[in-house]
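Quick notes on the structure that follows.
Lettered A, B, C, D, E and F in written order, each chain numbered from 1.
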Amino acid sequence: MAKVVCFGEVMLRLQPYHYERFVQAENVQFTFGGAEANVAVSLANFGVDVSYVTKLPSHMIGQAAINSLRRYGVDTGKIVRGGNRVGIYFNEKGASQRPSICTYDRAHSAISEAKKEDFDWESIFSGAEWFHFTGITPALSENVLEICREACQVAKKKGIKISCDVNYRSKLWTKEAAREAMTELSEYIDLILINEEDAKTVFGIQADKTDVHSGKLNKEGYEEVAKKLMEQFRFSEVAITLRESKSASDNDWSGLLYDGKECLFSKVYPVHIVDRIGGGDSFAAGLIYSFLKGDDSRKALEFAVAASALKHSIEGDYNMVTVPEVEKLAGGDSSGRVQR
Amino acid sequence: MAKVVCFGEVMLRLQPYHYERFVQAENVQFTFGGAEANVAVSLANFGVDVSYVTKLPSHMIGQAAINSLRRYGVDTGKIVRGGNRVGIYFNEKGASQRPSICTYDRAHSAISEAKKEDFDWESIFSGAEWFHFTGITPALSENVLEICREACQVAKKKGIKISCDVNYRSKLWTKEAAREAMTELSEYIDLILINEEDAKTVFGIQADKTDVHSGKLNKEGYEEVAKKLMEQFRFSEVAITLRESKSASDNDWSGLLYDGKECLFSKVYPVHIVDRIGGGDSFAAGLIYSFLKGDDSRKALEFAVAASALKHSIEGDYNMVTVPEVEKLAGGDSSGRVQR
Amino acid sequence: MAKVVCFGEVMLRLQPYHYERFVQAENVQFTFGGAEANVAVSLANFGVDVSYVTKLPSHMIGQAAINSLRRYGVDTGKIVRGGNRVGIYFNEKGASQRPSICTYDRAHSAISEAKKEDFDWESIFSGAEWFHFTGITPALSENVLEICREACQVAKKKGIKISCDVNYRSKLWTKEAAREAMTELSEYIDLILINEEDAKTVFGIQADKTDVHSGKLNKEGYEEVAKKLMEQFRFSEVAITLRESKSASDNDWSGLLYDGKECLFSKVYPVHIVDRIGGGDSFAAGLIYSFLKGDDSRKALEFAVAASALKHSIEGDYNMVTVPEVEKLAGGDSSGRVQR
Amino acid sequence: MAKVVCFGEVMLRLQPYHYERFVQAENVQFTFGGAEANVAVSLANFGVDVSYVTKLPSHMIGQAAINSLRRYGVDTGKIVRGGNRVGIYFNEKGASQRPSICTYDRAHSAISEAKKEDFDWESIFSGAEWFHFTGITPALSENVLEICREACQVAKKKGIKISCDVNYRSKLWTKEAAREAMTELSEYIDLILINEEDAKTVFGIQADKTDVHSGKLNKEGYEEVAKKLMEQFRFSEVAITLRESKSASDNDWSGLLYDGKECLFSKVYPVHIVDRIGGGDSFAAGLIYSFLKGDDSRKALEFAVAASALKHSIEGDYNMVTVPEVEKLAGGDSSGRVQR
Amino acid sequence: MAKVVCFGEVMLRLQPYHYERFVQAENVQFTFGGAEANVAVSLANFGVDVSYVTKLPSHMIGQAAINSLRRYGVDTGKIVRGGNRVGIYFNEKGASQRPSICTYDRAHSAISEAKKEDFDWESIFSGAEWFHFTGITPALSENVLEICREACQVAKKKGIKISCDVNYRSKLWTKEAAREAMTELSEYIDLILINEEDAKTVFGIQADKTDVHSGKLNKEGYEEVAKKLMEQFRFSEVAITLRESKSASDNDWSGLLYDGKECLFSKVYPVHIVDRIGGGDSFAAGLIYSFLKGDDSRKALEFAVAASALKHSIEGDYNMVTVPEVEKLAGGDSSGRVQR
Amino acid sequence: MAKVVCFGEVMLRLQPYHYERFVQAENVQFTFGGAEANVAVSLANFGVDVSYVTKLPSHMIGQAAINSLRRYGVDTGKIVRGGNRVGIYFNEKGASQRPSICTYDRAHSAISEAKKEDFDWESIFSGAEWFHFTGITPALSENVLEICREACQVAKKKGIKISCDVNYRSKLWTKEAAREAMTELSEYIDLILINEEDAKTVFGIQADKTDVHSGKLNKEGYEEVAKKLMEQFRFSEVAITLRESKSASDNDWSGLLYDGKECLFSKVYPVHIVDRIGGGDSFAAGLIYSFLKGDDSRKALEFAVAASALKHSIEGDYNMVTVPEVEKLAGGDSSGRVQR
């Protein structure tokens, strides 16, 4: 019986080695990832019982996707097999002034064409305490939006805590569609994870004078956004990751957590980037782990930020770090000295 | 001005290294291929002016596909840019008793969703002497079938020789659809390439007592098929590749050419396989090259079979051999002695 | 609840790429394997619920070993964490006249230093139908021999079928120690897997005139060995794999199964070798799968031999093949033709 | 008809992976590069019709060099085949305080032994608007100096704009030889690219108090050099790249352009280096592209500096960036945020 | 006749590529290293005649260890063959806030089980001028401690200078054991290399207010430690490396040398880390080289610090730099400009 | 003091991975080889003291060449440093009907431009018992021919046994030049290694009706050639390797040795080829080793043929096999069974 259930897509991730671009590449890394899958693996690496729910074709690429989750201890017994495609994303890693480029090839994936009947949420949620999904999942198709809605309803009924990372993807749906769907789903969400841009795009909530391209933080703006979100919806917590992007190689990374009482800002980590894909997902996993454990907001925020700072040093989508490693960093040891 | 025009898809080919299966792979070869693209590259490697016609997305994976063709000298100036996907195939290389497995993920590719207006065949064929396509292309979609028909009509009108490799793909269309389309298109085809199985499936033409899984050849059966095909259509030549599959590692490889007069069987090459994908395509390229040069049927057949025997020793879809290399083998030197 | 429980070591396997020797290697494959682990993974790939029992250190290499099993669906929940070392084996792949060389570095591994208290067999066997181990495991240490004995006793008591692959390893124990231990354990064993050499070394049972280095089979000798074994012990079946080693690249592979009634010899597969490590283990897995399914001796033998013939085409210790793939080969299709 | 013609060598570039040194390497990257070839590929990546002129052996390594240019869309139809060697350079990538080391093995290359008759400049320049070469090319041999002279004369006669990057190489010729040749060729050059050191070495033009090893810029000194060059020759523009080398891993990068009216200094980019070989060449390509398009000096300079700042994040000699990517950076977005 | 003799272990070093962790790795670098071996190779790269003394198994992994030393010119003729294991260490490379992790698997290595009779120090030291070992070696086992003692006695008797890098390893012995052994061995040691932490742990010598995790230096504290060490023992020099660890990617690196007269602090190098394992060993090698050459303390210190700063840019344990490279950096050129 | 001295070139060997051709390769193996270097390394692997004499540049590629020899235990202390180039050969590995292609880029290498004064043969041969070179070395240049002559004279004077492998290379010199030089040098040679083709080309000695391309042996012809050579010169032994090239993947391999009394033919090994470059060199090394040990002709021949059969299973030029491995095969065990 899994304590946490994550629902979403898992995609094949193809990436050239080193800093090669696809036009010059002859071989690529063959790994898997996806917003909710990243949360699931990160939780499994923290020792949490977690089950991943999706739909994957029965062919060898679908099997490889399942294996990539099982390898790190995620329960895959609830994954439905069928459909034709595993969604794919091509990731070209940037450096210095050159940004990373993600090109998605996910239309018509098995999960995007899944049907409501594919998932029996009463059974899936048996014994669960937490349900996590992101705004990417309802954006996949009308069907999947409906499946999300049903999952939320069943989870709510069973008293399962629900977290959602808004993650607006303009290539998947329009602002209007996102706003309508996410507004409705927000009724069910306890912990919302969002960034400033999406707060504006999806919920029309805006703070003053922040430019995501300037690389400078506007703390007050972020606080304002968090509070407005809390006013508008019945979230128990609003969490925001704060990325100051100095270049594709160096970012400052921190987070905010507002629990209705205090708006907490975490320690800031200057990260030298190995792979920043999945940074936000590892933050979500950190919060879920810490809240499940019963930590208070400050501890949860610092755990989540430390976990996700470490993610930036990890190859691939999945955050391959353990609880003691995160706690060591959250506890203040960021010297990076060799551990023997 | 290209002498030869090839029309079809070019796909991203993903394959694990060595004999790994996808479920255990962490990195894959990132190359390109496709039936007609393979013919085009092979012809370019023979020094022929050849132009490839397809539709590819404007994103980096589409560009990588174009680069893979340009690299070997194929003219890509007539490729239309647009659409969303590059078709993909996942190839798992077999050995000994374990067969190779090709899993296709090609639905919704840019070319399969191309429109008739995308291609101006009058202009494309300007200066051309030969047009090549395969039965895979009209199978991609109704639209592409119509585009093929138009291309054939324009080519015929301009006196361009047309070759077609039947290549029936049961995952793309039904037998009935294939029979209807290929029967109609056969009106335009001069040189047809086919195997015994497809002759039966697509044209209902059958020889006695040959079992494709037995690994034994039935020469008379093949001859019978060639002759029946010639009676039924107005082909100038019928060519058949003959593969005796002893295992995934070792095959005997030869070919048949019937020009309405004599039914020629080529020398048989026992091939120790490096990569057999594209074997038939390299045979087609060999025939086209040799006929363009003005060779007689015997010479053309032996050139094509030698070229395609060599293909089995080449990594990837494309046949990376030169005319002198093929002529050396066709001339009888199969000792494989080091050339210094 | 696992249907099958396997007990033994899982080792880190280090192997240079291609046909490199260690003295010239700069990078190596980092995978895992071990006689019983190979059986467990093979069964998991056949869709069987299988649990692996061993002891592994809590450090990152121990974790990597667990991940390698989980990836393919083996239940690792009963693995005890502790101790210092993961056993290692260095494998240098041979070719042609040059044999592969396995150098073991397994002394002091966590499992070899495990204690009886580490394993609660009553609980481990809850719901199980089959228990598999090999003669390597009791050879690891006195402690592990005792653990094996206890496991067999509990399994017997619960009516669980027990299989054992004798696998004599002269580097781990003397002939005398092996004979004493295996004779005792044979009391509990239902299905014994053995080769001619070990029958002589371990049980003193010998057939006439067979020379394992000649590359020629002595069918009668093998039958004689099987019958003598059956007379001496209360095995329900004796199975022997028959390898005719023509070179490190090419073997003929078949098997024998004697169920007390008939001595069956399987079809012989000429295998062109990708990796022959784990050949015998994949044969054991094939028998277990087939017997669990209720197949008769002939079907079980042919399934097991086909499965293990395929293993020779697979990279690494683990047999990465599915039931339909094995059934296709056992059904007679050994042509290795590409599957699209 | 190519708009731009580049003339020079193309060399095989061998480089170990990661930060390995050759004495510890067992495998190397096999790519191609060379000052003018880098300009040609960069222009092709900008969508410019560009033709590369050189001489390459007819063997497989010569062919591989051609393929490397074709792949990115450079016209190779004017490359002369013959001679024995492809020049080679061995590049060992530095980091931190350890500099990269380029060891050249280019003597006796096909182009260095080319003859005047090999190139028909009237025909080569048919339809061209721009001719680019560097000071490395006339340094290859007396013959090639003469070929350069002829090329310049024909280009001048045809009203083709000529750019030259001085690039003094002390291993190829003496200061005196360089001064004599470059002074003569400067008669034909419109746009000269140079650095401070070469201005002194080749033209005896010197500014005060700049130490190339100090890592500090002397803006006035650079301006002085540019102006003196303009006084001495009839250049239409003088361009200088300004590299402040803090370490092998981090540089500040900017440029200067003097058009006889104003001496412009560009924005400064702090670059975290992936590969800095070809930085100057990508700057030249940026200027040529921008001037061809009709941009003014400020825009051309900023485009060229942004293009070449991006080059530092690209693997290999060739600058694999597109016009929109450069314009995005030149437009001020240097945050390196992931593009989805 | 070797001028320098080093005695200790040489271990197999396994490390995933890039920044992968072992739990996600499928292939690893296969190299060798170890504290004294690193010193030996570094000296050999400086052109010094150096002999390595250890014990290694006669199997292929032992041979590979020997080859790794021979490759760089270390004399391996005095290495004893025998025993079962080559010690192994698993190194996971950290980045940014994530530390590198070294997991040792060295118990029961051939050298740790070596016997006194294995080494004839009279013969080994014939012609030698310098003997180097580290505190890791006597920690391997009681036997090896005794061997070290004997080596020191023979060296002393022969007037050979002795250097020792304290290198306390808490996984190998207790503080008490280390203190007793190192105090005794210090009688023989001329040049001691140590860090502040070990001075306290091993010799109970402590300075005020320095926190090794703060990343800040306490110069006075270090000086105090050096002086106290000199008072307590009869060292001719005390050397301390000073690492300010800002993160796993960036450190400041410098050193201190106290010769009883002056306490010298070197230039500080900000190093961007490729691989920091072996940093201290390369510092030791720099001092030994410089002292052997007859340099004064200032010159020796600056040479050693420059050499070890460069080590941080080198892949693997061994410092692959030459004397001119070190002298160039020590001489002030840290710009990292490409050398052609 | 080396027992054996080998003199010749050592070249950088660049080869794509798997069966890739250079036109499609992006990375290549970076190893070293050369006829006499291969003999030297093979002897060192047999435990013989062997010194390699050549000239190599002082740059990093020259150093890498030296390291490649030192790694396997060859004494490199007599190698002269200087000159500009390390000779290079590009090797493309063939398979099945496609031959391997070696493209040499060795002109102007340091050794080919060496001067007589570079080598002091009196000192080089101090303590030596055997001198080996091949017909490639005198072909490098007039200078090197003269150096060979001097080496032979000094060796003869000192009573050192001389072996030479004729190895005619038509790209290096004409038949006439080869005949003149080799005829003269043959005065000094004791053991000559040659093939039938070279016997005809170089010495004009011919047997009847053998076609090197037929793949069939003509035993009598070979015997005739051996005897005629012995009549014409004062060789103590004539050795011929017999390769029946069935394809680039499979050869039959054996040898002949004529000692003036009996003409011995060895056992024939059917080899499945990993890398056949250096096959002849490993045969030479086998003979030298065996004769040095005092074996008789039969034993020496069988040892040499077994050693060189094994070479065909080894990656790279150098034969990485030990004496016990060769003796095991020569003793009749060619089953290739795994050695544990």
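Just so it is clear, contacts are C-beta pairs under 8 Å (C-beta built on N, C-alpha and C of every residue); 3 or more make two chains touch, one makes a residue touch a chain.
Molecules present, by chain and UniProt name: A, B, C, D, E, F = Carbohydrate kinase PfkB domain-containing protein.
These numbers come from a predicted model, not from an experiment.
Judged by shared residue numbers over all numbers used at their interface, subunit B and subunit C contact each other through mostly different positions, with under half in common. Compared with subunit C, the chain whose C-alpha mean position is the greatest distance off is D.
The most distant chain from subunit E, with centres taken as the mean of CA atoms, is B.
With centres set at the average Cα position, the gap from subunit B to subunit E is 61 Å.
Centre-to-centre, using mean CA coordinates, subunit C is 44 Å away from subunit F.
Multi-chain contact residues of subunit C (touching two or more other chains) are listed as 17, 21, 23, 26, 67, 72, 101. Listing the residues of subunit D that touch subunit B in their complex gives 67-68, 70-73. For subunit B in complex with subunit C, the touching residues are 18-21, 23-24, 94-102, 104, 169, 171, 212-215, 245-250, 276-277.
Interface of subunit C with subunit E (complex): residues 14, 16-17, 21-23, 25-31, 59-61, 63-64, 67, 84-86, 88, 90, 92, 101, 103, 105, 107-108. Listed in rising order, the residues of subunit D touching subunit A in the complex are 72, 269-275, 306, 309-310, 312-316, 318, 320-321, 325, 329, 332-340.
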